[in-house]
Amino acid sequence: MKITIWNENWQDRFQDDVKAAYPETIHGAIANFLKARGDKDWEIRIRTMDMEECGLKQEDLDDTDVMLYWGHLKHKEVPDEYALRIAERVHQGMGLILLHSAHASKAAKYLIGGGHGCGLTWREDDEHERVWTIAHNHPITKGIPQAFVVPADETYAEPFHIDTPDELIFITWYPGGEVFRSGIAYRRGAGKVFYFQPGHETFPIYREQKEVQDVIMNAIRWAGEGCSHYEFINDNGRSHGTRIEP
Amino acid sequence: MKITIWNENWQDRFQDDVKAAYPETIHGAIANFLKARGDKDWEIRIRTMDMEECGLKQEDLDDTDVMLYWGHLKHKEVPDEYALRIAERVHQGMGLILLHSAHASKAAKYLIGGGHGCGLTWREDDEHERVWTIAHNHPITKGIPQAFVVPADETYAEPFHIDTPDELIFITWYPGGEVFRSGIAYRRGAGKVFYFQPGHETFPIYREQKEVQDVIMNAIRWAGEGCSHYEFINDNGRSHGTRIEP
Amino acid sequence: MKITIWNENWQDRFQDDVKAAYPETIHGAIANFLKARGDKDWEIRIRTMDMEECGLKQEDLDDTDVMLYWGHLKHKEVPDEYALRIAERVHQGMGLILLHSAHASKAAKYLIGGGHGCGLTWREDDEHERVWTIAHNHPITKGIPQAFVVPADETYAEPFHIDTPDELIFITWYPGGEVFRSGIAYRRGAGKVFYFQPGHETFPIYREQKEVQDVIMNAIRWAGEGCSHYEFINDNGRSHGTRIEP
Amino acid sequence: MKITIWNENWQDRFQDDVKAAYPETIHGAIANFLKARGDKDWEIRIRTMDMEECGLKQEDLDDTDVMLYWGHLKHKEVPDEYALRIAERVHQGMGLILLHSAHASKAAKYLIGGGHGCGLTWREDDEHERVWTIAHNHPITKGIPQAFVVPADETYAEPFHIDTPDELIFITWYPGGEVFRSGIAYRRGAGKVFYFQPGHETFPIYREQKEVQDVIMNAIRWAGEGCSHYEFINDNGRSHGTRIEP
């Protein structure tokens, strides 16, 4: 399976507290645990926003089975054209895993936000959160306990402006009194999308928390299952159907 | 309730067979049955693509509770900016009823097509179709029989590239061997979207078929219920949440 | 609209702390606010488990548009036959509103628990809970704030063994670290079911908390909309379909 | 993976046209293709209604990962107690595949029929049907074409009285003018349920039609994935939750 880790890679380079949390960068931390703990047949590729075409070349997307996407401050600087490439590839069968603040990416707004949405409430008080498993025995929750605690993260809270999830996988509790649909899964065309909330850039969650790593690895297997370049019959109304009967 | 009928109004003016089917234009035919058979408190407004800003001015959208949308050949000529105005208003609480070939409009792709989708299979053989009620006792199917026949229409068929519907309202059968999810309902933010397949431009379906008129009027009441300019708390992550618990 | 309030009416009579919280009984408290604050056309009927046939006579069900159901300790003493009457009436179009511990009733297990389920985690520590609105602009959340606090209630927590809800309306936060899908809506045949968590028998929630009353009244309007004795064609495979096409 | 094929095994023994279509019995035909074409690690067990406890002993269910269920004329003779064993095992994580007329079994009514339902319209005119794939790239549709024809089967038609499917996998078209949600998937507790329509007892569909065999084998893999005896925390409210936060 071909996995592309896409990272905005801005705060990783220019913001001290993020550099302190992720000296190896966020994509580096993710790549490290995928290589150390992931499946043998996983090919890991890194693409970052500072690369040509924002690291979202069509040829790279065409060669990707599952994409992990982390972004935050530069969403608006990703051209619509590139974000739509991601959406189209998902419809063809690519898996997409949106991490933390990727909820506000253009790709997320196209795929799970009804074009406009994906807004939420947030605050940065470095508090813990408790992630509750709602979809028991789902491929994404395989081996995940009924609940686990992330010791420090940003708080994301309802209202969360998302398309009705096909599957509600996790709900998160916060000590400040909020709740959040923190793990949500969708089918889009022949592809799949999973959003997962943990992973604020100032905490080494992706490097250090086993449960978060396990969820991401489960999500890769789920999203990559049967990943393909699906050939739809007469897709997009571009071509003409033929009468079958009698 | 303030209802805006939006029509591309191109084939209505320049294509002979459409002018023959709808001498009063498609929006005119819809307006006529809404006025003749609709609720007393319905205010009907017409907007067409040949008007300023494609008939999609922000002030008109802000003053609309439910929009009916018919378009076909000129979807690509509606600027993204205007289509996104529709999506944002839906998220605020406006109802949107997408008619027939509006499945391929930019508004539909943003709201129910995952940015990319809404493709389908189609053919024009002037055949009848049988529309089956799936969601019994739903507001949209109130008074609608278990099945009804549209004597002649374009054939729309699966695969239909749509976000998983929140509610599957109708499935249509075609003599050519196809099936189609012809009535599908969604919540998007505080608003609602309903897509309904019947209504090819060369057949006077909106003027002549009572069941189709009934479905559209039911959909207006459903989509307009509680329509509003919903004030979300900390919408879109623009503002900062406050800790609630001590 | 004909509304039947069904109550187990056991703790109301024989348990001191419940008699203290509800001197007028739980069904009495519900009837009082429905009469004081509900719609003019609502006819309120009381049925309790100590009546003939557990207060679930077929003729009463047939004459009910929306049933409110509160039960707790005596679920197993309601014969399967009577619980199935409720399920059948819901499929015909009756609305059913399951309150608090009614989650474990036989009617709930049949209608929203896959025959077996509706289990949950619970504890009685008299703590407050915060109910979050998830389905914005839904008929059941009309006028309900983004979140409201119930000052003291029993704690119900995930895992909650329910059929996947058609609509997730509320999620509740508890200070003990739990979350719960506290407001869930379903279509069953031609009818509707809504489960709502607040309302432990030792706190006067139904009498005193306006938001809880508002949700219940909204749910009655939602569940009763189009309530009927729906005539399905060839229902239950008892009769034979006829070929339609020549 | 341990697979139990359960068959009513009545018409197989006593009805001539069924004996002619399935001289090896229906469970025999299913077992044959599972052994010939299935995965190496599949252990196939046969249980029939004429065995002790209707072939539904608790020990057999406890030792089953995925159960295939075919029944028709004798549904009412399966005691509720045994049908509830099936429902409970599904909630614990067993997969259940309901074939053709199993829609009317007690197990189906408990698990996907809201206690009452699962009715449909039917007729026996020995016509062909066209099964359309709706859920593209779903594990159950892996390798299945956009549409395939079953040359002769019983006609099952809407209205189909089922709980809203978690996933709509197939829709079937009939030459008589009907449509039917012929492939529907559900999560129930920690388990999964799939209903699939093809397979009337008088046609050798299970023995002869490769696409139907492929769907059933895909469904076994899907339903068996992560199958388990799931240990829920405080399941069924029988035990008491503990406060987590200090």
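Here the chain labels run A, B, C and D in written order, and each chain numbers its own residues starting at 1.
What we mean here is this: a contact is a pair of C-beta atoms (placed from the backbone, for glycine too) under 8 Å apart; a residue touches a chain by one contact, two chains touch by 3 or more.
Here is each chain with its UniProt name: A, B, C, D = ThuA domain-containing protein.
The structure displayed is predicted, hence computed values, not measured ones.
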Shared interface numbering between chain D and chain C [over half = same, under half = different]: same
Centroid spacing, where centroids are CA-atom means, of chain A and chain D in whole angstrom: 34
Geometric centre distance via CA averages, chain D-chain B, whole Å: 37
Shared interface positions of chain C, touching two or more other chains: 130, 136, 146-147, 159, 166, 175, 177-178, 187, 189, 232-233, 244-245
Chain contact graph, described as a line, ring, star, complete graph or other shape: complete
Residues on chain C engaged by chain A in the complex (per definition of touch): 130, 132-134, 136, 146-147, 158-159, 168, 171-173, 177-179, 181
Chain A contact footprint on chain D (complex, rising order): 93, 130, 135-139, 142, 146-147, 166-167, 175, 187, 189-192, 225-228, 230, 232-233, 244-245
Chain A-facing residues of chain B, complex: 80, 83-84, 87-88, 90-91, 104, 109-112, 114-123, 125, 155, 157, 159, 161, 163-164, 166, 175-178, 186-189, 232-238, 240-245
